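Input: structures, listed below.
Both complexes below contain chain A, partnered by chain B and then by chain C.
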Partner chain A sequence: MGNKKYKGIEKKQARWGFIFVLPAMLFFSLFNFYPILNAFYTSFFDKRALSRRAPKFIGLGNYERLFRLSTAGNPLSFYNSLKATFIFTLGTFIPLLVMSLLLAVLVSYLKNGRVKKFLQISYYAPAVLSSVVAATIWMIIFDPRGLGNQWVNTLFNTPGVDHRWLVDPTMERLSTMVIYFWKYIGYFVILFITGLASIPPTLYEASLIDGANKNQTFWRITLPLLKPTVVLVSVMSMLQCLKTFSTQYMIYTNGAPRAAINVITFNIYVTGIQEQYLSRASAMSVVLFVLMMLLTLLQFRATKSENVDY
Partner chain B sequence: MKKTLVVLLLISMLLPLSLFAAGTKEAKVDESKPVTIEYWTHEDLARTELENELIAQFMKENPNITVKRTTTSATKLIELVQTAFAANQGPDMFNLPIENEYAYITNGRVAPVDYKAAGYKDKNDLIAKYMDSVLDTVTYEGEVYGLPLELTNWSIYINKKVFRSAGLDPEKDYPKTWEEMADVSEKLVIRDGDILVRRGFDFRYPYYLTFFVPMVEQLGGDLLSADGKKAIIGDEAWIKALKFMQEWGPSGRNLGSPTYKNARLIFDLDNNDIAMAHTGLYQQGRIEKDNKAFFDSREWMVVPFPTFKDAVRDVAACYYGHFFMVNADSDPAVQKAAWKLAAFMLAHGEDYLTRGGNIIQPTKALFESDTLKNMPYSQVFIDDMARAHMVYYGEDSAQIQTQIRYAVESVMLSGVSPEKALATLRAGVQEIIDER
Partner chain C sequence: MLIERRQILKNTLVWAVLGIMLLFTLVPILFMVVSSMMTSRQILRMPFSWIPEGIHWPNFTKAIKGTDNNYMYLRNILNSLIVSSTVAVTTVGLASLTGYGLAKFNFRGRNTVFMMIMGTMMIPFETIMIPLYMVVMLLRIQNTYLGLILPFLVSAFGIFQMRQYLTTFPTEFLDAARVDGMGEFGIYAKIVLPNCKPVIATLSILAFRSQWDNLLWPLLVSQNEKMKTIPQYISMFADEKYTDEGAMMAAALIASLPMFILFMSLTKYFLGGAAVYESRKG
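On to the complex of A and B.
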């Protein structure tokens, strides 16, 4: 009898639970599931943005075209986009992960509350700036007559040298990485600070009594207990980097050459929006989706993430 | 419980599909009933002021028609209109550059001009009112699909003060050839090491179809063969033009680069940043607005688009047009009202020229008017237009421009040889036209 009553309450609670999550499920399916399924479906057709004709079914034609070996040498090919995406992701997400962890630890160790708050706000401020404002700031810096050349030339005493921030392919890649790093570091610092705050202070007290120094505390207590946050941040930052678009778009629209920064999302934009090949762009987005899934699974496997018990 | 969950998940996944399906239905509007025209256009403060005034007058004369005018930046508008049409939610009336608009005609997205609603007897009456061949661009399978809001070409603006500061006489020493353009720019340039503090001239990046293709044509090359099946004609001409751009860039004589600020925008400021800029008649209104003292000083002048010393053809920068077009999916009553509105606005060509952004509508009446003839340097633009042709406006023009951009910028900025850039360009453009 008691068991029956218990089940009834559980059912009732679950029903209300569903009612509460239903709007989110609808929203998610409308704006996430549908586009994913639609992109997957569209990738098997030859659909042009303005065409009224029923799209022709071409099977794996779009995928075959993306991976056609004869296009590998073309600097605007999908192969080059894969390369540009990997270079950007590796060059950005590893420094993001390491630096955000170090900065979070630094902020957490600070005793002065005001300095702590100031640093938190400073790190996070770029994340809330609009892309237009960020673009304006960085274009002022990267203009050949801008602050970038002035600072570097003053620092290294190299007057009049143009460091070709948006001209040389390597510098162009580096510029996109710097902008991205600047914009998102604060977000990940906040995540790490939250993770650090969840570590019970009694562990630190115990380590202090046992005579551990700060270095030992960090490597033996902080880092192992921060593992779930490290996994979360590494997965999130990697996915963010794989999806990067606005930084490359901003630099390109300000005159920089495309090949070095033609990441997959940017290629999707050019192919689907500018060139109107919706199906080809859909195939690219499916490849990116699969790539993101595989890399995320790989990361989970590699880190063997599980809950940490304190 | 599991069943409920599965049912709810299915509903949540299928509901959006049904919503999208329902979204494609369109309500029919009775012609006699009030209609609303959604008109999307690009930002231009002077034109907005004039068009708001004209629209108010139009609505007063046609109380059953409401016009909703929406503006956005010129670049963004191209994407917005296309995305809206792809979702069958395009505006009733819009304008874009012809190289972006042509695909709307060939894909049956826009309606032919309703001659009667626009106030013409028939097609011939409409064509007779415009300059020769201007409407050919928007004529497809015997019907005209657009009315020109503006026809624009670019000549060279010169800041006389900057010329004099370099010991040059602007009236005599202005560049007539591209070789002179580079030499004169060399004299005008001020550098701090590698960095250009003042440029002589710089190109209008990234509009390569408008200025670079005519430079190639001057040397005897062509973008496509006469039948449109073969890409990149006349290797020698292309390589010479690419070499010129390579020499222009930071790895050559270092006279300019796409990564510097847009020359046209800084010309108005008269800050000793630039001596020459490549732009249209409309720039006069912008100089007046941005820097009235400079405009009134008349320390600026306009000269023709140069040619190469050994040019085999006299070709000026291409002209391009923005055309009013009407959505073929709009209700017939809305279509009629839209053509009526377009014709009403275009009947005020002299207002557009003088206070609507200094834009030229290519009607015979305007070209014969004293208003156009009396605008400073208008004859330079008219003469350059006579030496020019319409920009390449095929369905694939955006793709082709991207390929040319890559070729030019790879030789200018990335150290790629003109021969290699040409081979990549040919392969890219040929693939585009083969896919048509």
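On to the complex of A and C.
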């Protein structure tokens, strides 16, 4: 009897659990799963927003068009978007990774708690600003008459030279990297500091007793134990960089040429929204999705085998 | 003697690196504050003078009045406030409800549901924005708050945080309330929610901030000037046709103030590890 009643309660409980998760499930189905399936589906048609006729099925036509070799020379082609995205990603995430690790280690060696906190807050401060504001500040710094030229010219003793920060293709890329680096360095410093804090201090003491110096401790103990954080930070920053948009959009709006900074998301925006080639833009979205998926899987594999026990 | 000298050299190097990065991160922010008080001519003067000659108020009036003198910035600030706060509220509400359901109830398919929700973390917004845009066009909710808010009602990350937090919540409390005859929704609202304050604080800050900064989605759904948000307004201001550096910096400073006030008063929520993961979405 009592058992039966208990089962009844369990069933009722189960129903409540289901009711509680239902709204979120509906949300994710409508605004995550449906759209990603729809992106794949749409990429096989030739859908344009304004046309009234039913879109025609063209199979892999959109992909063929994106990867057609003859378009490689076109400065606004998808090939160049891939190139711009990869250059931006590599040029941003490697400095981010190295510098944030270095800063985190240096900060955590400091003895004075106040200085430590002040440095953390200061490094993080740019991350509090929105990407649009970050781009706005640097756009004025990179003005021909702006601080950028003044600093560099003082530093290298080259008075009066304009470094064409937002005009020359290479410099344009470098500028977007600087802006992005500036905005996100604090995030990753904090992440590394959190990772460093989780390493038990007894390990350092033990290595010091064994006569290791700070250098050896870092390479032999800190870095190997920090590996999961390193993997996490590198994949996260890579994923972040792959979907960069605001910085490039702002610089373009300010009048910079588009070709060098026409990253994938920017290309999707221009193709899909401004030119209304919805299918072509969907195909680009699918390529971006696959790229990021591969990176995420790589992260899973890397972190799974790296579970560290202290 | 030699060792001592090496130590000094090392210390100098460490402080040099820390100091240079400190200048690198702080000087541009200082530049924004200082130049919002200057005329465009002073901002682009060579060499730049870091001490403003008083506050150039027309920057701020122009930032607020806009290029068409219609005070559109105020409207856009209001839009950003409405969208960001609504998303913060719905995120907290839905994430706690779902997290509670996943942490404290046993039902068939629970793990599948959890895995599916976690799986959405692998779908970057940038890859689904075109289909979402088509949905918005179909529902004719472009240029509405609904259109701006709908795709961001809740985040998988929020649900994850809530679930983790609630798994350790003592089940005895819940059972005691059940024995007292409290309904399941009552238990959620009166016992579970009030006990999640730290997660609620973190999540609402993250959700608010992600929409406060969002440029891409509003660009897609808000073409009408009246429905634009702060990032869009600033990007319009940056347009080469209107460039007025002083007013641009004033607009940027106004947009940054709420976040800076939040940051300074709630530093620990920003510098907690959680704040960093949020950057994966939005």
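Everything that follows uses one rule, which is that the second predicted complex is superposed on the first by the 264 of 310 C-alpha atoms of A that agree within 3 Å, B and C clash if a C-alpha of one lies under 4 Å from a C-alpha of the other, contacts with A are read in each partner's own complex, and residues count from 1 in each chain.
Here, contacts are C-beta pairs under 8 Å (C-beta built on N, C-alpha and C of every residue); 3 or more make two chains touch, one makes a residue touch a chain.
The structure displayed is predicted, hence computed values, not measured ones.
By the touch criterion defined above, A:V167 reaches chain B but does not reach chain C.
In the superposition on chain A, A:M236 makes contact with chain C only, not with chain B.
Once the two complexes are laid over each other on the shared chain, residue contacts for A:L50 go to chain B alone; chain C is not touched.
Residue contacts after overlaying the shared chain place A:A14 against chain B and chain C alike. When the shared chain is aligned, no partner comes close enough to touch A:I209: not chain B, not chain C. When the two complexes are overlaid on their common chain A, residue A:G255 makes contact with chain B and with chain C alike. In the superposition on chain A, A:L155 makes contact with neither chain B nor chain C.
When the two structures are aligned on the shared chain, A:E275 is found in touch with chain B, with no touch to chain C.
Comparing chain C and chain B on the residues of chain A they touch gives the larger count to C. Contacts of A:L69 after superposition on the shared chain: neither chain B nor chain C is touched. Within chain A, the residues touched by chain B in the first complex and by chain C in the second are 14-15, 18, 25, 28, 33-34, 49, 143, 145, 253-255, 273, 278. Across the complex, chain C meets chain A through its residues 14, 17-18, 21-22, 24-26, 28-29, 31-32, 35, 43-48, 94-95, 97-98, 100-102, 104-108, 110, 113, 116-117, 120, 122-135, 137, 150-151, 153-154, 156, 159, 184, 188, 212-213, 215-216, 219-220, 230-231, 234-240, 243, 245, 248-249, 252, 255-256, 259-260, 263, 267, 270-271, 273, 275-276, 279-280. Partner chain C is touched in their complex by these residues of chain A: 10, 13-21, 23-25, 27-28, 31-36, 38-39, 42, 49, 99, 102-103, 106-107, 109, 119-126, 128-133, 135-141, 143, 145-147, 150, 182, 184-188, 190-191, 194, 236, 239-240, 243, 245-246, 249-250, 253-255, 265, 268-269, 272-273, 278, 281-282, 285-286, 288-289, 292-293, 296.
For chain B in complex with chain A, the residues that touch the partner chain are 1, 4-5, 8-9, 12-13, 15-17, 19-20, 75, 79, 82-83, 85-86, 103-104, 107-109, 191-197, 205-206, 250, 257-261, 396, 398-399, 402-403, 405-406, 409-410, 413-414, 424, 427-428.
Across the interface of their complex, chain B is touched by residues 11, 14-15, 18, 22, 25-26, 28-30, 33-34, 48-52, 74-76, 142-145, 149, 159-162, 164-169, 253-260, 270, 273-276, 278 of chain A.
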